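Got a structure for you, written out below as structure tokens; questions coming shortly.
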């Protein structure tokens, strides 16, 4: 028989003013199973908590009901008090007779009557509570960082410097990401290579970091603290140990006309290439789609010239398996391409380029060694028009968000152009300038006032070619929507920042939710920006939404600290309010019929299949099993389960059923109605 | 019919199946389920208008499963039930042979569930006009009239659970009715117990019932149970465009969702 | 092959030549166009600005008449009618309550079954396949395809071709042997309804269109909408006054061009009804013309 | 008591019903409900349908209701107060038009309910029930009363047995004192029986396929032949229809309903056909297969009851076979049992 | 005759509506005391049988309230609940059970005022409908 203690709080006047606390305590005393029922001015005070502790010890209570404020307020307080008195904390519940009763109703019998009801409901619930023990889940202290851009690099370094093992996987032949393609970075105009390359080297050299480039995730299973990942190391056709990175093969390779991804298609590269001079690892890879040997089986020139015979034409992809405790997704973003802007002639006119291509023109290691030259005839353009919001903030193009970084890099581009082509005039068509970061606004003012960049407030409606010139038709809204026509030599579109292609498949592989634009979805926009709804998987950088380098680095360190917190203990403890599938004696073994309709309902993929076999291995039945590491305790599966085989600890079927019955049963226990 | 008998005999002789679940003659002009295990008894198999019971009910029963791999003579609803049971992991593709006798005496043997899906996509399942008339009659009633109609119907229920035992989708070894902690459904067959039983049965079949009608036929006191199932089938079809028994993997109405499911009653 | 047909007011009024050319081309391709019985005005661009119910009921009544006659597809040559019918059909299908209200107004329970297709879709999917092999005299001209606005807008509903840089008319011109120029004024505004109230504005707007066509050596402007045609052809005086330059480049309908390629007699195509006489400069076969005036002699503008 | 024979004119029946109603007694008779015939209270004979072959459900509900409140309880202070229903308030009831098999079934029910524990509820209802039976003019392929020691004209269990003669009037055999008491209500309606009244020619021809003793012996002998029982019961779905329509099935379940402070104790029907009927708390189920449960049904009626209560548990009414969704025909299975090679 | 005071049960989700009701409390917004709340982790957890149980035990009205779409703490619990109520309400209505007595709503943790409004309007509506006689008259004590 349960021995429950009921403790009614006056909360000073907050409850006492409108609820007759003595009457509530007296009514509670008569409920079968209640052996102790008192009321006190301040239950949450130390004397109040001591009353509870003494009552637990003296009357060895099996359950505690505190009629006071909202459980969202003091449930932890009272549960800790019970625990200190030796009672399992989950046998203590609160009846909300303040926010839901005394504060919102007038003084009088109905209010006291309601308080009695609420206490009776919680008493019936506590009578059916079970002592629960927090769930312990082991944690593998190795992190997986997906993506080798600045965000991935920062996260990997932070975690490795905290003493944990890190495995970094980068899809392209070298780490560095988009930042390595940039010329100089706003707002300080320091050269991106100078600040990035040391970090890349630090990653390559760090004892705790294992680097897999030209590799992708094949599959990932498991849950927080216990992921199993398969990494596909694509064949580079190079023996990385033998190769010294001398670069002879790239120089001699006869196939030279392949558009270089690193130079955003402006420059070219050979079939066996190192993406850029400061690449890490600084070793080539053979592009099997364009290499003559793989196409026609001839040439093999690189093999002949290689001093250390490091060429391996028959090299196969290799699958590497690893145990992982946490994952940081830092797969970055992409600049919008394709013919989605016919009215600007993007893709039709050679001299209409995007922001990344301009970066390559401005970059010293770029195809024009840093000189701003037109892709069509290599001449220096006298007039360049930059168009901001090319695709962003444009619902008709399906991208209604602002890509956040274009205002700043467009101002930078105009400034670099003015520095490199004296006398050249730069126009920027803009809607609003978004320069909210530290020293950002000052940077843009400098571009306008010192570098004479002409900002035209208005949208460009059309760019067309006439007599060798690019006619940019727009409007200037500050001059009363006056149509404006500029004859330009080159047009640079600050196209929208979009999710990487393959982001959707990766998200599905990682069971991470993503938004309509394929950016990964954070757990909470304000309070959990670096976490996802999948426990143990964190986000950093532009894969979550377009952002600049400072924010990406800050997010990376944020994600790294989350991983650090996770790895700080050997075991992960979690609230035991999780679902459990019932088990019973043979021949039934469980009322679960294995229909797995609950599996589809679970937002956390926490329901697995469990095979019940006889001792000699014969399969009896396959039933559902809840993974305690993943289940967050929403209970949707419990309501979907027809045979009531799965139940939620803390909110079990018996409890909620009893609560409904108790709430509506106002018959006085001994009034003999 | 002999096309079916020849096939049954062949299957049994070749040992491809251990039992053929089919229809045989019953009392008077009734047909009944028979379990042919010896090739010689294949001639007892019949297939005509009287054969309406959904034999897929036997695919999940322990006693029948112990007989070994079955072949099942499947009417249209039975085919849908096979897919729905497969979708709920109760039967596996290789675990049975599905024979569907056509009206013209032809016989189709389905090798894979995908073939059944294709066959069902084209097949129409007409609704008995009398039953449709009853549905329209009840829908046209006012709420109070509908309440009196249903209270009248369910007060006659004697809780013999023939509707549950006759339904192929009610294969749970311990039904929630037999759960007494908490006692979800009152055991006695008073009006309240009958109301809660019939509501729960309909909801537990929502999105799973293939409308074979066996529950209504099994009810000794003739309660029009098909009405409840068809209301839910109609609502699921119009609201969520899902229909039970059309695909081998199930998108079960109550465990899937769509962000913009439309409703007009939530404030 | 028999299709529904909705001429609209302009094809029976100011652009009779468009009607004649559509009929001639259809006949040539063995297609019978059956006008919607007892059709009424589609409300064009005026009705829906004044009153939403009126703007929807007029086209709805046309759809009802077509539906009652069992028509499955209706060819609508005029861009304004096409846009109005298509938008109305879309809105009624989207909003059941609105459909019921409009059905009550026109006293017909409209199901919106008939599909609406514009002249380019009609030519592309029905006429060209029928005449592909039988083009007697290829329309070997360098022309500027002008789409105007209503053929492609509102794009979310019409979902026809590309919004900013349409290509379907260019395709048809190529298939009949023509050479469509690549220019940027395909969907620039010609001044539309301001043809009467602000004629000089039409002069300027249509002028810029003709000027760009002229620079690129176009011998004619091809249109698929009576409104565009009237501004580019009828208002040629206003254009020449606004641009103070002479333009004798004719503006003809796509169906007239296709008709010519099918070898149909120009008179039957209504080519004699144009304000700007439709004549092309003779030139030796096979050589692409330098255009009425070569750019070099562009002169003052 | 010597059976008296009287004649009851067919038009007198209406008067008899009125007289019974006037005496404050409820009359139940077979009433047509759509495709089925069920026992239901009637106010006038016009509502009754005496030409029926068999009702779907038996009249057992009058003696052993589907749901019956046997006590209610309330908490007062620490203790729990209980209250028994007032059985004296039960109405006097007359069931009119019940066939001889149902009338005989009352004996089987009584054998269980008055075996060792005298069931007060059953006895109170039985005491207030008067049975006016009606011989069968026609049976169908399901009837087999002849094979279980009964017949279309058997008087066993009836207080008065009416037999519709060729003339349409009824030969009334007054069997028991209750019957006589009923006649006293309207003596003028019961005329002296004509001498040559031939009862047998008015009775249905029910073929006798076996004797109940043979069936009992054979079932007991083949008790261990699992193949036989499992084979017969393969198509049985394990529902409760046969038990609930059966006039002699007497199994029941007790359920308490209410809250911790007040409630009622209800008796309701149960069936050995249900899989969960014999499940133990440990999870073990002595009758795991449906075959064992089917065997139990036959053994109880044809072997256990005769042995212990010296009365057979089956009156051959055929309701279970008619109501079975999968056509489990008990007569056919008994014949099959007898012919099965040992 | 004192005015009829309906008894209404509210099934609410812990993260949104329960917190919203807390906010109603902290803002001291008065509303009628006829509604008593039972807390669930999520509306996805609310079993449809509980509605019938509530009516059977004497409730005159029921409120079911949880997070707005896309607000669910567990991402999809409220979506599943919405589907369940679309079907269950259709079935109850078809059987003549008075669905006007069941009020569904989305109340977020910030909508304290809206919770008070939902409670007050539901109490008034149910008061107009009166006690749920149909359900009270359902036989449950067995034939005597």
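We call the chains A, B, C, D and E, going by the order they appear; numbering starts again at 1 in every chain.
By our rule, a contact is a pair of C-beta atoms (placed from the backbone, for glycine too) under 8 Å apart; a residue touches a chain by one contact, two chains touch by 3 or more.
The shown structure was predicted, so the numbers you read here are calculated from the model rather than taken from an experiment.
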Requested in this report: Figure out the least number of contact steps between chain B and chain C, where 1 means they touch directly.
Outcome: 2
Query raised in the report: By label order, what chains touch chain D and chain E together?
Result: A, B
Report summary line: Touching both chain A and chain E we find B, D
Query - Most distant chain from chain B by Cα centroid - result: C
Query raised in the report: Quick check: more C-beta contact pairs in B-D or A-B?
Result: B-D
Query raised in the report: Hey, which chain ends up farthest from chain E, C-alpha centres compared?
Result: C
Report summary line: Note: chain D sits from chain A at a C-alpha centroid distance in Å of 71
Query raised in the report: Per the centroid of Cα atoms for each chain, what is the distance between chain A and chain C, given in Å?
Result: 51
Query raised in the report: If you average the CA atoms of chain C and of chain E, how far apart do the two points sit, in angstrom?
Result: 59
Query raised in the report: Hey, how far is the Cα centre of chain B from the one of chain E, in Å?
Result: 34
Query raised in the report: Which positions in chain E touch two or more other chains at once?
Result: 48, 53, 76, 80, 84, 140-142
Requested in this report: For chain D, write out the residues touching at least two other chains, lowest number first.
Outcome: 66-67, 257, 266, 268
Query raised in the report: Can you list the residues of chain B that touch 2 or more other chains?
Result: 173-174, 184, 186, 188, 190, 254-256
Query raised in the report: Which chains touch, pair by pair?
Result: A-B, A-C, A-D, A-E, B-D, B-E, D-E
**Report entry** Complex contacts: residues of chain B adjacent to chain D
**Finding:** 26-28, 30-35, 53, 57-58, 61-64, 158-162, 164-166, 173-174, 178, 186-190, 214, 217-218, 220-222
Query raised in the report: Touching chain A in the complex: which residues of chain B?
Result: 88-90, 171-176, 179, 181-182, 184, 204, 250-252, 254-256
Report summary line: Interface with chain B, chain E side, in the complex: residues 48-49, 52-53, 56, 69-70, 76, 79-80, 82-99, 103-106, 118, 134, 138-142
Report summary line: Seen from chain B, its contact residues with chain E in the complex are 138-139, 141, 143-151, 155, 184-186, 188, 190-193, 195-196, 199-200, 202-203, 206-207, 227-228, 231-232, 235-236, 239-240, 253-259, 261, 263, 265-267
Query raised in the report: Where on chain A does chain B make contact in their complex?
Result: 588, 591, 593-601, 622, 640, 642-644, 653-654, 657-658
